[in-house]
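See the structures that follow.
You will see two complexes here that share chain A, one where it goes with chain B and one where it goes with chain C.
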Partner chain A sequence: MTTTTKNNELNTPPAGAAEMPSPKEACIFLSDYASWLLGCGATCIRIEKNVRRMAGRWNMEPEMTILPSHIHITVWNRDRSHSYSNNVRLHHTGISFDINTRLSKLSWAVADGKTSFAEARREFEEIVRVRPANPWMVWLLASLANMSFCRLFGGDFAAMLIVLCGTLAGYKLKQVMLEDGRDVRFTFFCCAFFSSVIGAAGYVFHWGDTPEIALATSVLYLIPGIPYINSVSDLLDGHYICSFSRFMNAAVLTACLSAGLCGGLLLMNIQWL
Partner chain B sequence: MNDQATIWILTVGCLLLIFLFRNIQQMRKETGHRKIFELEQDNYGIYDDYDEE
Partner chain C sequence: MTYLFNILQDGFFAAIAAIGFASISNPPRQAYKYCALIAAIGHATRYVLTHNAWGGMNLIGASFIASLAIGLLTVFFAPRAKCPAETFSFPALLPMIPGMYAYRTVEALLLCLTHQEEAAFNHYFYLLAYNGLTCMFIVLSMVVGATVPIFLFKNTSFKATR
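After this line comes the complex of A and B, so read on.
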């Protein structure tokens, strides 16, 4: 009964049908939308749901293939008489929860009929034009968060202070190197190296009672947690290619981080075994 | 001061030098030849007016 009602609802053109986009317009918009969503760190299931939600409102059926760095979308009209396909590269925007949330809200606004196609396009342009969060604020907050990690793992005040300094220096270096367009793997290596050397201050100058916690937590801010979580989410959803790609990206970064940490430990002659 | 402390100070000093040079580079990029050139362009207009007077 519910299925029948739902099908009837889908077959009935929604109010404001005059503003309905053509399959071509819808496909171009949805492919741009999906590439931004993939670029800002959304999982495959979220991308599929959001795109379907909006296409359903416009009385269309999307079929999509999500690859690690491309999205292929075909949009059909309801009677399957006309379709349009588009293949787009993902936008390398960096992980942004702000863009992610705003794009999801946009999809709900479209699905609820609060936003027409023209308005949705305008709003999308505004969302993607948003500047990233203030780098100075991110720098400070990430450092404070890493310092809190040190406390959570049982570090004392001296260890927390060391971790704060190590993260401030390492995170600044990360921002500077990425801004200059350096390779992200090399950046992770350098940041982990310098952060671990600063984190070893507890051992070198005998500050505090928990120098091992300061050293271990000094590089935690570099762990690519979101790609790992997204990889598991994609795996559960059956998007194995994306899942594997995300996992390998995260694993390579973790390996670079580990190499930097080992370099720091070797330089400071700290015996960890 | 032992060797470990010396290496630590040298490494952290190296990092600070990187930041210092980077800041100098940034500052030169923002207030370097381009700015002087723009100022010259502005002044050119002023001299033109002066000559006319």
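After this line comes the complex of A and C, so read on.
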């Protein structure tokens, strides 16, 4: 009888226990989740809140350290009798607010009890397989955006056309180089160089009345805005290491695009005065 | 009438710029229209503040107020679009980037390096410092202005995707 009871206890876990992961399972899942969230451009405060929200649902307490390229998570069970730690590198997925949004929704679905641990793991695998937007559409929209940018700075029709051509060429080059796995800093340098050479057409051929605006705007599509914004967000939240790291990454890319712009200006021998 | 046309034109091009730059960061589909709307309102706000009959406001102050408006709108629209507030703030802010100041900073740097005479060097160094500092403070005021509302209304911002 005793044996049967024991077997029954082993075979039929208490209600809800099947949905509750062990600290090891939870830790591995949460560290993967956090590394994807960090990689897709989420702020530190969002990563912390999302992870804490899900762990709370599973009756666990997470402690985490977010470093520029790693995440260290320790998950404790509620009575602090058992813990598991994991250290993972961030996934270089590129900025994706779509993944960020889906992962945040997943955290709420788990916290509200709408998704079990097994379902959450399955959904997570689906989310990280989401393909980025059509590159041709992004190429065209980014070029039109930079052209509009030129207009906002007071550029005339000729300047807008020059900027459109410069961005079409530069952004395509960026996509090709990044797909080929080239260094991102070298890519930014080359794209800024090519775009500024094309952007100098107004000066070279005397097209339009605002050649300086065309030249100035031609490289602005490369500005790494999200790292700058995230850097300030992390600063306000007290994540100084991440904030500094994000700022430096963005500053290095800005320096590379400035160097490319300088190279273009020197090559085209632009005379300002 | 021309003034109104200029404001609408400013908002229109800011909206196109926002949609294009939003596409680079792979936002969810439903986010595009909000990015366009917030960018148009933000940029038009700055236009009105810097071009008005009572004397144009300083660009740094105007950028801060406009980005504060952008930040508040992102917090307001995030729960409706079920997207994190940050999804809208970057594309909406980008049309306000002081590109001409940044360009003039690089230009002044090159001129500094190519002129050895003290008077000319000092003049270009002054331009470098003036444009560089102005650009830096505009960007800083923009980023702080758009981020502060997200932190002030944490409950709304971080429950947007619920």
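Assume the second predicted complex is superposed on the first by the 253 of 273 C-alpha atoms of A that agree within 3 Å, B and C clash if a C-alpha of one lies under 4 Å from a C-alpha of the other, contacts with A are read in each partner's own complex, and residues count from 1 in each chain.
In the analysis below, a residue touches a chain if its C-beta (ideal position, glycine included) is under 8 Å from a C-beta of that chain, and two chains touch if they have at least 3 such contacts.
All values reported here derive from a predicted model rather than from experimental measurement.
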Partners on chain A (chain B, chain C) - clash or fit: fit
Look at A:D237 in the shared chain and tell me whether it touches chain B only, chain C only, both, or neither; answer first, second, both or neither. second
Who does A:F153 touch here: chain B (first), chain C (second), both, or neither? second
Applying the touch criterion given at the start, work out whether A:L67 contacts chain B, chain C, both or neither, answering first, second, both or neither. neither
Mind telling me which of the two, chain B or chain C, contacts the most residues of chain A? C
First (chain B), second (chain C), both or neither touched by A:V197: first
Which superposed partner A:I226 touches (first chain B, second chain C, both, neither): second
For A:M20, is the partner it touches chain B (first), chain C (second), both, or none of the two (neither)? neither
A:A251 in the overlay: touching chain B, chain C, both, or neither? Say first, second, both or neither. neither
In the overlaid three-chain picture, find the nearest pair of C-alpha atoms across chain B and chain C and give that distance in Å. 18
For chain A, which residues belong to both interfaces, chain B and chain C? none
Which residues, counting only chain A, touch chain B once they are in their complex? 169, 172-173, 176, 194, 197-198, 200-201, 203-205, 267-269
Any idea which chain C residues touch chain A in the complex? 10, 13-14, 16-21, 23-28, 31, 43, 82-84, 86-87, 89-90, 93-95, 97, 99-100, 102-104, 106-107, 109-111, 139-140, 143-144, 146-148, 150-151, 158-162
Listed in rising order, the residues of chain B that touch chain A in the complex are 3-5, 7-8, 11-12, 15, 18-19, 22
Partner chain C, residues of chain A touching it in the complex: 41-43, 45-46, 49, 94-102, 104-105, 107-108, 112, 132-133, 137-138, 141-146, 148-149, 151-153, 212-213, 215-217, 220-221, 223, 225-226, 228-230, 232-233, 236-237, 258, 261-262, 265-266, 272
